[in-house]
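First up is the structure itself, then whatever we jot down about it.
Chain IDs A, B, C, D and E follow the sequence of writing; residue 1 opens each chain.
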Amino acid sequence: SAFAAGHCAAGKTLTDGKFTVATGNPAYYPWVLDDAPESGQGFEAAVAYAVAEEMGIAAADVVWVRSSFDEAIQPGAKNFDVNMQQYSITAERDQVVDFSAPYYTAPMAVLVGPGAVDTAPTMAAIKDLKWGAVGTTTAVPKLYSVIQPGSDPLLYGDTADVSAAISANQIDAALFDLPTALFLSAVMIEGSKVIGQFSADSSENPDQFGMLMEEGSVLKACIDDALAALTESGALAAIEAQWLQDSTGVPLIK
Amino acid sequence: MTRREKYDAAQRRRSLVIAASSTALVILALIILVPMAPGWEKVQSSFFNRAVLAKSFPKLLDAFLVNVMIFAWSAPLIGLLGLLIALARDAKSPALFPLRLFGAAFTDIFRGVPVILTVYLIGFGIPGLGLPRPWNSPYIWGSLALILTYSAYVAEIFRSGIDSVHHSQRAAALSLGLSERQVMRDVVLPQAVRNVVPSQMNMLIALQKDVSLLSFIGPVEIFRQAGVFKSLLANFTPYVGAALIFLAVTIPATRYADYLMAKQKRERR
Amino acid sequence: MAKLALRGVVKRFGEATVCDGIDLDVDAGQMVCLIGASGAGKSTLLRCINLLEPIEDGEIFLDGEDISVPGLDPHPVRARIGMVFQNFNLFPHMTAIENAMLAPRRVHSKTRVDVRGEIESLFTRFGLADRMQNYPDQLSGGQQQRVAIVRALAMRPDVMLFDEITSALDPQLVGEVLDVLLALKAEGMTMLLATHEMGFAREAADKVCFLKDGNVIEEGPPSQIFDAPQHPETQRFLARSK
Amino acid sequence: MTRREKYDAAQRRRSLVIAASSTALVILALIILVPMAPGWEKVQSSFFNRAVLAKSFPKLLDAFLVNVMIFAWSAPLIGLLGLLIALARDAKSPALFPLRLFGAAFTDIFRGVPVILTVYLIGFGIPGLGLPRPWNSPYIWGSLALILTYSAYVAEIFRSGIDSVHHSQRAAALSLGLSERQVMRDVVLPQAVRNVVPSQMNMLIALQKDVSLLSFIGPVEIFRQAGVFKSLLANFTPYVGAALIFLAVTIPATRYADYLMAKQKRERR
Amino acid sequence: MAKLALRGVVKRFGEATVCDGIDLDVDAGQMVCLIGASGAGKSTLLRCINLLEPIEDGEIFLDGEDISVPGLDPHPVRARIGMVFQNFNLFPHMTAIENAMLAPRRVHSKTRVDVRGEIESLFTRFGLADRMQNYPDQLSGGQQQRVAIVRALAMRPDVMLFDEITSALDPQLVGEVLDVLLALKAEGMTMLLATHEMGFAREAADKVCFLKDGNVIEEGPPSQIFDAPQHPETQRFLARSK
């Protein structure tokens, strides 16, 4: 076995001696670079390898698979040990699947298209924009509960569709987690801008990403231990600093 | 009561008993056997979760209005365009060859290209050419994409209906001095349409559900709404809720259409 | 000038030549009977005259006008020529009376009310007063045949083509239909009939044409054709029917 | 050459010229006018991007094999099941009322419930009941979901075809002493099927594209692959690539079917 | 014992009573002609005998066996009774010969090769040797009618029901068909014909039945019916046909 003898994860993984990690299809920048998690490049890929190492699993024994959100929450057997694709931990989801301790706390950010770059980062100003978001993310409830837009928001399947809608001038603004928003404005949507962020800690239920596991997973304790150790040692913060852009320049929305 | 009547009555009774008992049996078997499967509880809580249903249902109903709206303006236009394309494909005179060509090209392309591409291409692409609001609305262009795609399907069905009317009917109508258009309208189409009602009901039902494809370009209709709930609650029950709403519309509609057809059939022979 | 004149009409189905240069004249107000063996091409000829089949060669004149010119709009021509098909071809989705009202309403743009009276009296004349509201599938063979005749007459054509219009009628009705045709003739209607009933042809026709091998082999008044046929083929054909 | 032949030849020439020139005109207009729109360059790079196409095409072709495979085993089963359901719905004797009821319930339910729910419910739900690998494969259960749904549509089309055959045909066949089954097989169905070929082609084409719905439960077929590229490259060109692959299959197939139908029609009258 | 016997047969379409307690006997090897006005119910009666329409009341016996018992399997019965329909009802998707081969192949489980010779000779007998490979839409009315006769004969029934089988035939063919029927009779075939051709009935029938208002008003040998009808209705009906 690749596990250190007697390690807590030994015998608890899907395939004995391997650690199977699922990511999205595709996996997005900056969470995974070039859709190639095996390289360990990108925030989530790096975290996965760090956790594996912490659990005494060699990098060579980390196996990557792809999964959709739906496959992650299906009632039957899963084909992964953990699933990392920016899953926000929510109480409802937690009833169906297990989450590890959070590995990242994501502030929400407002991305606006070329036509609305001058919007002031205030609640009053952004309310009247035409809003969009990715329908499968926790941005949706945030949008409805915090921003309460004046007109019905449009919801999309993924970031690419939101980008296209902004380009076609069908929406003015969209709500994303900050790293995604920064990436989109810098690389994907010409003339767009991140005009503000919501403070991550201020809201009553902050958006925290956790690794998703099968309900009642025996592995959860080990993963949590590993994440706790990484947080303790500052390794997690270092990975974040390496792969996620410094976001202090984005103003807070008042 | 003649022996024929007696026999018929007995048959009716017997078949009712069989129908009732076999239906009951199947339902009983499902109710008893399925829950015995080891994973039933998990499946039940994923797909048939009362709390989730109660929570999501009102919002699903709201979102369904969007479907109804889009359906309501698309369906008649699809019927009309589909019919026109079918007529174009059926044009007889050699001078109308370009029309036939156009009809064939239209159906080939819009049927062959995946709806979702048509929705993206027209829903994002045309507004992307630089239309100002509100003319770039995804509702407008998304509906257009649906209309074009479905017209192609509907046209083929009309065409099969037109083909299934025996050519002697056309000859008889022409011999009365009717113009091609009158022949089509008064003689061929009424018979053709009657022949394809079930197939067109297929299309109506499929359309009602494919309205959901517009959600790819923004509109929050019942499916997107169910998908949002699914993501948030990590539970598939909202889809079951959506299905219930669909069934509540389609089953009465199809039953009624069937009833009308059967009645007409009885009356005419 | 003949009301209806055919000159060298040729009609082929693929390789098979059904009409091989047919010449035929029907004068105004005349009743002409086409006789000939089954498969001789009687129905086909009537269909060609009504422009339902394109002809390969030859001309067809109606009132001196060539109606077989390629490219001519056939609809007004057809509206002047009524036709009753051998197998009736009623419209199954319409009741008997709707079948008959269709052409007057569409071609002559009349309303149901305008034409109802006239058409009802036609139905009565053919003994169908109580069947007007039935659909074709609910009618007997003879009833369907009579509806087809009513339908063709309802559009008031000036030439009528009849294809075996008494085949499904009982003797009494045959007599009555013959009376109607004679009345029509008295009103000036020109008629061309394809028929197998030699008795009918002999009694009603002004001229009888015998069709064989795609040609009119012999024509003349019924007395001549039936009592003194010249052509050996005609003689052979009629031998059995006496 | 008779004047009819001359006229026909002239007509054919004329219509060819018109068809060619009008087609050319439309294409020219598209080529010249569309690029003049302000947003054309953006749209072009989003939807018609040569580099993206070149990059994604080989993988799309690979993924298309998955579609072909699923299609290949589903289509015959759908045809068969659809036909059986149609026959069940058409059963005449009152003793067979339960069969009719079953047929109607089957079509109502599987047509009315959105495919995607059927796919989830059967593709996730049944394996979730506790089936071991490989029996919980999404390929098996996803295909089953497709088969059930499409059978319902196909059955309705067959039924409309059966209905469109005049009842006198049935009577004639029965009078020869044929059994109900022989009447159906030898007399009614051949005419019915011929009448609905275009409608069933519709279904084949729609099925070919709906195979993509299986991607919701895992299999990476051409659409999922195109979606992956779209997400990754934020570019819709991969969908255009997928559409090209679809068209390359469907257009020849429909043209060939049309040709066969037209030929048969010519031969029979 | 009569080959075919009807006792009190009642048939209604909704409110309308078409057969109102018909009694009729056809002895083995007999040829019986049904005559009566258009719409009298001749076709309907034939359809009832062939179990194509359920009857409301009464019994139908074939060889003494009640074939109208509700719930009886009708297929073997129908295989013993051949029927030619008034409007032919050929199968449009099969060529003429395929139409005729269907029943022998399916009901008697013979191969094409088995039956081909016999059926080809039937076609030849009806003057259709060169039309066997045509589809029904490519045949003239008379040709279709003859194919329908061949199709019904091909299954070698012992009772034949003919509905107006000469309506589309020329006089020569009528004679030939009559010859065929007489030959069949000589071979022991029992036949029931609905016809409007009184000449035909007079020449060929062993018994003639006059149908009116849902009843057989008068029956007897042709000499009696045609030359000395008893019932005033029969007299009136036949008055015109002489």
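The definition used in the following text is that a contact is a pair of C-beta atoms (placed from the backbone, for glycine too) under 8 Å apart; a residue touches a chain by one contact, two chains touch by 3 or more.
Everything quoted here is computed from the prediction, not taken from an experiment.
*Asks:* According to the touch definition, list the chains common to the neighbour sets of chain B and chain C.
*Replies:* Common contact partners of chain B and chain C, which must touch each of the two, are D, E.
*Asks:* Quick check on the contact graph: shortest path length from chain A to chain C, in steps?
*Replies:* The least step count works out to 2.
*Asks:* Turning chain C onto chain E with a C-alpha fit: angle in degrees, nearest 5?
*Replies:* The rotation relating chain C to chain E comes to 180 degrees.
*Asks:* Averaging each chain's C-alpha atoms to get its centre, pick out the one most distant from chain E.
*Replies:* So the chain farthest away from chain E turns out to be A.
*Asks:* Please report how many Å separate the Cα centroid of chain C from that of chain E, as a whole number.
*Replies:* The separation of the two C-alpha centroids amounts to 28 Å.
*Asks:* Just how far, in Å, is the C-alpha centre of chain D from the one of chain B?
*Replies:* Chain centres of chain B and chain D, defined by C-alpha means, are spaced 14 Å apart.
*Asks:* Any idea how many Å lie between the Cα centroids of chain A and chain D?
*Replies:* 39
*Asks:* Indicate the whole-number Å distance between the mean C-alpha point of chain A and the mean C-alpha point of chain E.
*Replies:* Averaging C-alpha atoms per chain gives centres 83 Å apart.
*Asks:* Show the residues in chain B shared as contacts by 2 or more other chains, in ascending order.
*Replies:* Correct list: 8, 11, 39, 42-43, 46-47, 120, 124, 128, 167, 236, 269.
*Asks:* Could you list which residues of chain A touch at least two other chains?
*Replies:* 70, 74-76, 164, 167
*Asks:* I need the residues of chain E touching at least two other chains; which ones are they?
*Replies:* As it turns out, chain E has residues touching two or more other chains at 87, 137-138.
*Asks:* Return all touching chain pairs.
*Replies:* Chains touch in the following pairs: A-B, A-D, B-C, B-D, B-E, C-D, C-E, D-E.
*Asks:* Help me check something: in the complex, which residues belonging to chain B touch chain A?
*Replies:* So the residues of chain B touching chain A come out as 39, 42-43, 45-47, 120, 124, 127-128, 132-133, 136-138, 215-220, 224, 227-228, 230-236.
*Asks:* Under the touch definition given earlier, write down the residues of chain B that touch chain D in their complex.
*Replies:* Per the stated touch rule, the residues are 8, 11-12, 14-16, 18-19, 22-23, 34, 37-40, 42-43, 46-47, 93-98, 101, 104, 107-109, 111-117, 120-121, 124-125, 128-130, 153, 156-157, 159-161, 163-164, 167, 195-199, 201-202, 205-206, 209, 212, 223, 236, 239-240, 242-243, 246-247, 250-251, 254-255, 258, 261, 265, 269.
*Asks:* Contact residues on chain C for chain D in the complex?
*Replies:* These residues of chain C touch chain D: 10, 54-57, 69-71, 137.
*Asks:* Which positions of chain A touch chain B when the two form their complex?
*Replies:* Spelled out, the residues of chain A in touch with chain B are 69-70, 73-76, 90, 92-93, 95-97, 132, 135-138, 140-141, 152-157, 161, 164-165, 167-171, 215.
*Asks:* Once bound in the complex, which stretches of chain D touch chain E?
*Replies:* 168-169, 171-180, 182, 186-187, 190-191, 194, 267-269
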